[in-house]
Every structure is written in structure tokens, then in C-alpha cells.
């Protein structure tokens, strides 16, 4: 079987592995207070163009989400997110387990608009029922979204503006950020994110690392005592250097960006094949996730050789599924998938 | 001003007040372990036709909801409710504050159907993402609903059956239960509730008491150590007898049912007036809540003499609002409201 | 049986009952936004000598404690309390249920000293383990304590100073505050509390009310959005006026202070009897709680006519128990208890 | 500097690193549903002599502790632990953040006795205050303890028996289990643990792995839906195979036991040197942790070349500190430390 159902099927990029080998028996302080974490944080701050950013390295995305949100909110405050938001659907209620409600907003493309945010604030805060309703205090977006779509710079500017107007934090989940930043249609930079978001994270797990997410905090109200929050939620890695070393490697010689760009090119090849076959997509995209709508019989055939993940049933005979490329996807496997698509559907 | 915006504007029924006066200087044990609580619980068990029910008296509805739900669920489990459910919209995230997600289902009449429940279970539990999604374990309904609608016995039977099939608890919020049980269209009895629900409560705050909700638990898995849960959530009243005495009075000589029936009749008079004036209702109903859709200008005029609560904007010039009658509504005030409606809208 | 085991065996003071009768059918807005709550809050602010205080009325002590603490602390912060503190021992982990640790300090008289607080801060915050340990952010004291002891003004000044030095909030649980303020040895006033504490509450449940605690907040960091916290924790009484009316009555014509002083005098009579009988006390005191150490056989005899609560076993043949007087204790019952003590132990 | 302050200063054992290299580009399913996790779990079940055990791999110790405890307890239940327990002192209130109280028991050697457990149960459960006190439901012990001491088989049998008698779960934190099992004085086996504990974990982070703890659950009441709990607390590693592969390697050819035994021998050399120098230990021990009491001046000198961790001040001129060996400690560094001790203190 060739696995295309997600972007975390393999280990890590060879450069990371090489450095793990090289540094294995070095002695360092624990809990992220080592030279590798410092170096990685410095590189991220430089790329973001802000010396005052706090950078923390966590093991995974759900952990990052719940820790950031819990650090930011008082008990009665909630976080606005799209109905398809990972925190709303696929984290087993991790945010609620910290005591906070996700205020879900319908969305067909996985994105939130500034006017949707404004509407939620007005409904929750200004309806007269006030203290009987959860007070919105944070906006959660993912970029790329769970559907592989991207926010434009203008959309982010608008979201940031509405957040500032209503005193909300803007939090961007960048579990697949590399693929977003390197997408053809993207016009957003790390510097933009550092300027527009109160907090965001740069995903490593899905972009070349064994594991790890780099949480970048620009707003002191969220960042204060953040290490306590990490520890309390069980996210403080004893050998924290493993996280630092991985991000230090990813942000050396643009590795992070190169491997993401390469994965997008592989995805483009698959998208082109689908287009040639007149296969519709559930949502268009230019990142590493592809959501074709395919007949059940074809999926049965393809499923004998390739894995993909189920997205949703579209009609009685068709389902939308997801194929992912990643930093690790080979040209060979991409060619095999394209050939199979042509063979089955051509 | 004459207040019609809710059903808790006055104190309590005169029979309760009389007994409070009579018993004031009696000495009793605290925390609900007194003779009045025992007597009230016995009367409720008799009305429900089950000797094995646990009955606990809590001060208010949000407190009852959060305590019951927290007692019933393990951390990863959630509660299914209509999108308009009080626990989802108007309790400041009280359920989430205990760590649990409300799985909200769209509904236009405030009710859940058995097939909606089944669909949520299938989506959450059988989608293949399993442990990444909150596990539904309880169904929360209110009867009457927040929109004054009622479940028929058949609907409750169906809900109960689907809950049993999937191992879910059925929890009925009866904050306005008296008005529901006495409504013209109602075909449900306390015995039915005791048979079909794992837990429900009988509202006192809105039906003649100063405060108080009687939580009736038929399922031992929820009832075990329930007093610990009450205490932990700050709901254990030192002078618990105040609760017992009120419910004992309400369930003496059918007082609870008589005062609820009377409030429904007052509401019927208002509904009839609205019908004569061809005023549409947001939702039809036969309980103490009425949701007419009225022009803004008329609400401005009515608002000078009467209070009502805002429900939702219907179009640019019309809003749905809520008028409530209660056990305390006088014929005089009802007549005044009806006259004003005719005068303004006739 | 004559009940002396606690100070909440009866209903409420006759003046409160009279006003409940008088106002029963008045219509008022709900949730504490009525004229009685406003009036009571104004009276409390005047007694405290600070116009800027926020005053909220809650139903009970555990509810007040958990709501205040949850409002004040971020997730990683804890509250320092004596090992005998009500929040540590007798609230079923209500504080922990909001996510916060109680940092318990050994104490023989139920009190905390400024130097104990300082020591905890240094251990927790400056040990080098920092983010691995709960960060102390609040000090909880009760006055009178659970052992009936009192803080002197000097002790409170010292506690307040150490809290200010280390950025901690000072929170005083005044469930029995009236008895403390009226005790012979007391040198503390409400104005002192308003000046020295960030937040405290004035107990009504044990001092003449049916129920109710008046939370007085001087520090905006705790008070912000406090009504949301009340609602979320199920503590927002629909008919909030019941709380306002009770406190308004208690703070009219010094009623609160007079009834507390009277209870202390009853307790003094019992203490004097015990002294005459050479019965040792577990801790000395001048409030409404008395903790004699008595032989088991005598307790068996007394227990046939009077209730008392168990405090602790002192040796194989002796236990410390608690007798409470209250605003409701009659001279007749006090005389009976004194006579019985003399008869059994004389 | 040579680091002796903890046992997680280096990366991982070379055998693990070799397999990480070897398997890096293999494609596997995520979230621990891969062949390496299955194989590792099988090996652990075989060593434990029970086919019915559930085995889950988590990243770290605090994560394991909070997930296990939250999975096991209902909201009002608490966990009994020694006052020195890691969960009580050094996890930033992680257990309390899940809503549960740690019921701390004084202990000088880091251990709990069966009679202490019984006493807590009696005090909490049978004092008459019942539902006002946290209900003990689990006993947490660490073995080796935070002070390097060990439970004998008899002590564990007694603890298990008292837990069974009172319906408590027995949970053993084995963050350093390897060092304990291989200690000279140890008479406990994995089979014993699987028989006597409801749940325990085998630490990898401190015994040869980059990270990872293997949670072994014998009691279905704790194990049910455990993967949901892992996910909700942010502990489900996307590339779960990293955990499986490490434990599979550690339990191949007794690697886990051999490297732990070697670390203990290094520690013995240091202990012997201290004994020859007549340096007292805070607590005796035979595992990889050593707690000498040394004069401040000597620690200043040693601190220039070696790291150690602070344990506690013993008197004005002496502190107890901790030296740790680990699977990675070299003979060369051990010799250097022994030589320095002799040179400074001889």
C-alpha cells in the first residue's frame, strides 16, 4: 500500500535525522532551556521580524491549541471558530476540557470572515442577555484550513482589524503552515502573521519533523507564565532539545520552505491529473491537500493500492476524499497515483 | 410597568409563604437531611410511580443542569442538545466549564428528534475518527422547550428508544415542566418521564416557588454519590429544608398543577387576542410562553406599559418577542395586556 | 432535641420574614438587578467606606469561595490556605474542580501568618523548579476561622502587606463575619477589611438570613465580568431580590451586628459554665463557636438532649466537640445546655 | 560541565537511534495504530504475564499521570499520595487542572503505607461529613519514589490489599521503574506490578528512550475509552510509531534492564565513595539517585565542574542535593565525580 491519507506517515527529514545522530550523546539542560531551543527561537524571531516574540516548542497540535487557548481565556470566555475547525470537530473536546466553549460558525470553505466574527460578538455580547452567554474573546483560524484553503493577506488584515476593534485575540493554527506559505496563491508571510496575530504556531509534525509545533506569541497577555501552562497540561518535554534541534534544522537554509514547496508541486501534479480527468474537487486548493469527489466504485479500486481519508459523502454514489502529499512524498509514488487515477477514471 | 418578560418576577405562592412563616423557628438538620425534604421526595416518588427514584433539591436550573451532566459523563463524553438548548446558549458555558462539549443540533422548534440523535451518534462515533471526536453519551431536551413547544409521548418514547439503543442517557430539563404537563395539547405524565428519562427535573423557580428544582434520578450510574456533586458545585443549601418545604407544599393538593394550569389559561387569553388580531406567532404553543411577531413601532408603544423579552429579529420591521404568564399573573394584568394589544394593533 | 451543632438550624430573623411577606407579590427584574440588591449594596459600600466596591450576592459559602477563586486565578495559579481551611477540607474539592490547587499550610489555630505566606511563596516560586510548581496568587483566610479564632488588625495588616509585596490577592471568607466583628476581642472593622482585602464576603446564611453571602470586591482584576462567573457556576439566582432584600434588612438599623452580638453573649454564658467546670477548650475563643474537650461518657449523656458536632479525638477517652450559638439561640435553650453541663460534669 | 543533576540529559540509547534511522522513511498509520506499537505492547504483556492488559504509549510522565487519573476518577473523587509525590509537588497542579484533589499524606521516605491509606479513607469517608469531603478513590505511588526509595513486595501487597478492601485503584508511577527493578534490594517484578496495580507505567524518558512512558492498564474501569482521554489531553502523538519503536527496542534482548542495571552500578560507585568519606545521605538507596548531605562550601567547589539538583536545606551550613546516574552515564564521568568528591571532601 502507498499511503496518501495524511501527511504524517513517515519519520523526519534526513537533515533532522542526521543532527539527531550527531548530537545524541551531548549533555544539555532539560525542558527546553538548551542551546538548540534558543537558536531555533532566534531564527523564528528573525524570520518574523520581531525581537519581542516569545517562542515555545510543543509536541503536537492539539496540545498547542489547548494550551494557547487555556492560557488566553478567563473562565467565562470562549473562542470563535469555523464549524469545521479542528478544535471544534477533531480534538475530542480538548478545548472544552479546559473549560471553554467553542463558538462555532457555519463555513463552507473552512474559513471565517471578519463580518462573521463581528456578528458573533454582537449576538453574544450585545443581545441584552450578556452574562448569560459566553463572552467571545479569541478567534481561532487555521491556515491552511482543514479543507486546504488559504486566507489572503487582505482577509487576515480584516480579521485582525475586527479582533482589535472588539478586544479579541487572533490565534492562527499553522499545523500545515509551510504548505500554505509556499502555495502558489499565497500572499502572506511569517512577518504578516507576527504582525496580525496575537499568537500562531508553525507546524513541524506535518512538515518534516518527527513531531513539534513552534508556538509564536506576540501578545504578553497570552505569553505570561506560558511555561507553567505547558507543564500543567503535560506538554513540557523533558528532553526539550529534541524540539529545538528539529526547528533549528528546519529553519536553516530555508529547509522548511523548500520541502513544503516540493510537496505542493507533487500535489499540483495530482490536481492536474484530476483536472484532465474532469474530476471535480470539493474545494479548490493549491496546498498539499486535495479533495476530489469520486464515485464509490473508483474509490474501491483505488483503495486496493492507495490510502486516502474520508471527507464526506456527496451523494448516493460519490464521496469526497482527501489525498495528502507531504515533505516525504516521492515522485515515484506521485506518478503511481496519477497513473492509477488515469487508469481507473480515464 | 407591568412585567410579562419572564415567569420569575414575583416571590412565591401564598401557601409556600404561609408555611415558611409557620416553620421559621423550627430547628432541623441542614443540607437537605430534614423531614420536609423527605416528605417532598416521597410525594414526588409517588407521583412518578417509582419507589426507587432518587430525588434531590437544587436551587436553580443552571446549577441542576451542570450538576447532572457532570455527574453523568466521563471526561471525553458530550451531551447532544438542540442549537437553542438553554445549556448551549444561555448558561455562560456552564457545561463546558465542567469540561464537556455540547453537541448542538439545528432545530427550528426547539426540539430534537430521535433520528437527529441517531445521526449525531453515527457521525461522532462511527466515522472512523472515533477517539478524535467527542463521544455522545447524553441527550438533553427541555420540555417545554425554550420556544414553549412540547414533546408528545410518542416523541419521548422514540427518543428514549434511540438513547437505549446507543447507550445514551436521556435528560429532560423541566424548568417549566408544570406549564407543559398542564398544557392542552400535552399527553405526557410524570410517570412517563420517570419511565422514559434517566434523569429529569421539576422546576419550582418558575412555577410557584421562591426558587428550587427537584432533580429526579432513575439511573443509578448518574445518581451514585450525587450529593458529593451537588456540594462540589456549590449547590448544597445549608438550610435545605427551604427547598423541601416548598416542593412539599407544591405537591400537596395538586397545587403545582393548578397554578400552572391557571397560568396557561391566562396565556390562552393572550394567544386568542393575538389570533383575533391576525398576529402571527414565531412558534405555536399552548404553555405559558407566547412568541408573537410584531412590528417595531407597536413594540415601542407596548413597551411603555409592559415588559417582554426579545427573541429574534424577523425582518427589517418586525421582531419576535416573548410574553410570559406565570402562576402569579393576575386576571387584571392579563386583561390590560389584551386591551393594549387590541388598542395598538386593532 | 435541642440543636447546637451548627448555626443554621432555623429559618431567618423575623424582620427578614416580615419583609418577604410584605414584598412577595411585587414585580421586579431578575438576576439581582432589582432595587433591593442596589439598596443593600449601597448600604454595604457605605459601611465599608468605599464607593468603588463591587458587591454581589450569592446563595452560599462554597459557591462564593469557588466563584471568587475561579474569577481571580489563571490556570496555573493556586491559593494558599491553612490546612484547616474550609476550602481545603469541607468543600468536596470545589476549588480543585475549578482547576486550582489549594496550597495548604499547617496551622493549629486555623490562622495563617504573614511569614507562613512568605515561606510558601519562596518555596513555590523561587526554588528553581518554578514552572513545575503551582504559582501562589491568592491567600485565603476565614475570619472567624473554622476554629472560631480571630485575626487581629495587626495580623491582617501584616498579611495584606506580604500579599502586596508578592503580588498575591487577599481573600477573606466571612461566613461567620458578624460573630467575629462583634466578638469581645475583635479590633477589626468592615472598613479595615475593605482596605486590606482584595475581596471578602459577609456571611448571611449563619447570621440571620435564610441564605446568602455578600461578596465585596475591591480589586478590579477579580471583579471584572464577575456576573459571568456567577452565572457559569450556577450561582445566579433568578429571583435575586431575595438576596438583596435579606441583606438590605440585615444592614438596616444595625440588625446584623445586634443579632451577632447576642449570639456571642449566649456563647459566653456557655464558655463561662465550662470554665467554672474546669473543662478545657481545644482553642480559646470569643465568638459563637465553642470547642470543649469532654469525656466520651459525658458526650453520650449530653447527646441524648443536645446535638453538637464532632471536631476531633483528643485521646482515648476524650473528644473535642463543637457547640454553636446563633442569632436564633434562645436564652431558654442556653440555660438548658448550661444546666445540663453542670449536672453531667459538675 | 559534567551533568549529574538528572537522568534525562542525553538523547537515547544507540540501539533506538539505529532503528529510528533504519525505519525513518517507512510509511505507517498514525496515532499508535502501527506495527511497532503492537509489537511493543505484546512484549510488555508477555513480561507482565497477562494477555488482557491494555498498553498505551504516552510522551511524558506528567501527561501519563494526569491522563490516567482523569480517566479513573469521577469529579468528586481524589487521589491519595505522599506529600512528596510528583503529582503533588512538581506538576504545576496538573491533576487539579483536571478537577481532582491530591490528598497528601506526610512521608519522610517518599513512600505511603497501607495504614496511612486506610486512615485517610476513614477520615475522609467515615467522619460524618461525607459528601463535604473529597472521596478517596485512587492511591498514587511512585516506585522508585522521588527520593529513590523502593517499595518491597510485601509493602505493595499490603497497599494492594487495602485498596481492594476500600474500593480504591492502585496506580504506580514508574518513571524510573527500570532503575527500581534492577536495584540490589528490589524484590518486585513486572508480573507483581501487573498483578497488584490497577494501572502503572514503565518509564522510558529516563531509561534509554528519547521520550515515552508505557501505561499498562489492568482494570477495565480505567482503560475504557482510554484513547479518547489521551487525545483530549493532547497526548496522542501523530507519529505514534516513534513510541512503539522505542519501547519495542527497549524490551528486545533485555536492553531496558541491562542499561538500568549499569546506571545503578555507577550510582553504587558514587555511594561507596560517599560512604568512605563518611558523607551522610538524606535517604539510603540502591537506585540511580543519590542524596548526599554536603557542606555549602563543598557544593560551591563541586558546582564548578558538576551539576546536581537541590533537594533541601538541612541546616545553616548543609544542604541535601541529588546526583543522578542514567543509562548514559559513562565510567569516565563517574570516576571524575568520585575523584572530585574525594579531593574536595577527603
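When the chains are written out, they are named A, B, C and D in that same order, and each has its own residue count from 1.
As a convention for this text, contacts are C-beta pairs under 8 Å (C-beta built on N, C-alpha and C of every residue); 3 or more make two chains touch, one makes a residue touch a chain.
All values reported here derive from a predicted model rather than from experimental measurement.
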Of all other chains, the one whose Cα centre sits farthest from subunit C: A
Chain pair, B-C or A-C, that carries the greater number of C-beta contacts: B-C
Subunit C and subunit D, separation of their C-alpha mean positions in angstrom: 41
Centroid spacing, where centroids are CA-atom means, of subunit B and subunit C in whole angstrom: 34
Approximate Å spacing (C-alpha centroids) for the pair subunit A, subunit C: 50
Where subunit D touches two or more other chains, by residue: 75-76, 91-93, 97-99, 131-132, 228, 231-232, 236
Subunit C-touching residues of subunit B, taken from the complex the two chains share: 1-3, 6, 8-12, 14, 17, 20-21, 23-30, 59-67, 91-94, 97, 205-206, 210-211, 228, 231-239, 242, 328
Of all residues in subunit B, those that touch subunit D in their complex: 70-71, 74-76, 98-99, 130-132, 135, 225, 227-232, 236
In the complex, subunit A residues that touch subunit B: 75-76, 78, 89-93, 96-102, 104, 127-129, 131-134, 310
